[in-house]
């Protein structure tokens, strides 16, 4: 049983705002992330799958397929996008790093038949990242 | 004569669009960067000053003052901003990495009395950066 | 249930010495780390908290509060300090990376009401780090 | 109970080929990694051990001994080698990152009496790594 | 006048051997790099061009074209290759990092009409790199 | 003519103090770096040499000799040392990053017969570095 992790990057913008909060609450809780024009990040995504090593190929997963799924389900949908306005996942959810990790997990979970999805890690900056393992 | 470089980071969003271009030209030249909703980056800024070492302090420049100038002139103005809409430098100039480096040079040049400004480097991503030395 | 990690850096010096060891033992076990003048590192600290995502804010933890606690309990106490001489935790314990991770865990554990402390990671250099999960 | 991780690097070459596959299968499954001349990587190895902290030394493991074991069992055997041709582990197993992590685990497991081996991580590139915990 | 740098990676293998040297000289001068099976690296390439910023696009160079030229002239030719055996540049020249930087400069120089080639930097490992500016 | 750069690391401690300053001046100018117990850093050193490529070896400089000189003249003298107290260069000069770069240049200049010393770069932290080219 091994765990294989592949990284990818995408650039997107977002802002934090809850319409149920007062303007003061939005400002206090979200600070400069509340700016409605948005701001952006170079996100780094790490996708970890686990499984047994196929003795014939030496692979736990076909890397080309894994890359295609990551590109199709995540990168193509989010790269160079304003997450709040252009990605349906964030129509009613704030695109924090926490929610982004959960959203990417859900996007990948059903498509990855090759191996078991183990972890999604999202770096918003080099100094801040979130891990999600599908735990309730 | 030594050269001292200090790094800082800021997160901003931008998009590329020239109103004098046709929509087709904008799309061909700028590709997915032409998306008007914008997308973003974690920019890394490197500011290099040159000068003689003060024999009494061992410093070429007071690091606290350098940091304050970088914060006041660049970070406070650009961090968590949509460059096209919120930073006056880009009212009529496209906020490419090239123009961003020139803009930051101009912002710092007049304020840095402590030492001579030598170079401004701006990373848009870890794989793409621009250097400007004030050369015409 | 998500895991959020925030990094911070601090610079400190230390040396390794056990007064119950003979000089030869101290030299053999600690090598050049036994130099009483001390030497130093740029330590990198990663603090991981776990918890449920607040549906209203999208946060597992208020990042400003987390940063304040990390600054107050760890960075302010240890940055630009000689750990053996100036940080009480190391009055009778050798400030190895192992003991530093445990010490930082204890400092944060009681203060973090916002979310559950999951892991403290301390890098002494980019090539050496220790993880502590509060396990006995 | 703490977990200590030490990194090391080595440079090696390899190629992927299964003599039981047809040439078409080898090409389809392994792509340009099937080139028999081989290609290479700067591998990064992370070895994690777990154990209790020795109260007298503050160490979970003697770092010099750990380094010697890593050098003797892994680096000396694999650095500047063509893995398929010069390392016996890969006589009949394809030197994928998965198999490399398992091989390194087996090489270290029996030699590490100092502390319990917890994890072997191998980076083939900065964007691809495998973890092995000795799980069947 | 700005300087724009773009990075790319490729993985290759090589060995160092001069047929005019005796075996002893080859061993003494090249050490473990003399192993004829070869060993490999993840090379990082930085290509720097200089030029004036086009006022209409904000670009010094079309990034897509630059990437295509780098891919066609360098990456496609060298990635996943044994440099001594499969890249004609090294038929009679030893593929040291020095010669690799010169070779990449020559490959790019004639193709880059978009802007002036300023520098080629090649990292063999994170701790060793060579710069070439086309100077005789 | 190529430029080759080799990196090395060392860990040291230092503090900033000028006995000709009043205590208030020392505190105002040097801040928390004035703490006489010292604090420390993982310094990264980059040494760049320039020269013609030897056609027979493909080298601009013998890397083993370069490494030996860097180890003997710099690393052995400064690693795990308190710079103010244990390195004679800083008996009467404050060990700022500026003075450290100049000191390392002087140590290497006379010993490097192999190739011309071009630049010494010293990183005190990943966010602060100094370059010295031997310019008066």
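Letters A, B, C, D, E and F name the chains as they come in the text, with residue numbers starting at 1 for each one.
Rule of thumb we're sticking to: a contact is a pair of C-beta atoms (placed from the backbone, for glycine too) under 8 Å apart; a residue touches a chain by one contact, two chains touch by 3 or more.
Just so it is clear, the structure is predicted and the values come from calculations on it, not from any experiment.
Chemist: Out of curiosity, which chains are bumping into both subunit A and subunit E?
Modeler: B, D
Chemist: Can you report the angle of the rotation that maps subunit C onto subunit E, using C-alpha atoms only, to the nearest 5 degrees?
Modeler: Fitting subunit C to subunit E on C-alpha atoms yields 180 degrees.
Chemist: Indicate the whole-number Å distance between the mean C-alpha point of subunit D and the mean C-alpha point of subunit F.
Modeler: That gives a centre separation of 34 Å.
Chemist: As a quick test, compute the distance in whole Å between the mean CA positions of subunit A and subunit F.
Modeler: Those two chain centres are 42 Å apart.
Chemist: Between subunit E and subunit F, what's the gap in Å when you average each chain's C-alpha atoms?
Modeler: 29
Chemist: Send over the residues of subunit D in touch with two or more other chains.
Modeler: Residues 126 of subunit D each touch two or more of the other chains.
Chemist: Which chains touch, pair by pair?
Modeler: A-B, A-C, A-D, B-E, B-F, C-D, C-F, D-E, E-F
Chemist: Residue numbers of subunit F touching subunit B in their complex, please.
Modeler: It is residues 16, 18, 20-21, 29-31, 93-99, 101-102, 126-133, 135-136 of subunit F that touch subunit B.
Chemist: What residues of subunit F sit close enough to touch subunit E in their complex?
Modeler: That would be residues 1-8, 48, 53, 56-60, 62-64 of subunit F.
Chemist: Contact residues on subunit F for subunit C in the complex?
Modeler: Touching subunit C from subunit F are residues 9, 11-14, 32-33, 35, 37-42, 79-82, 85-86, 125-126.
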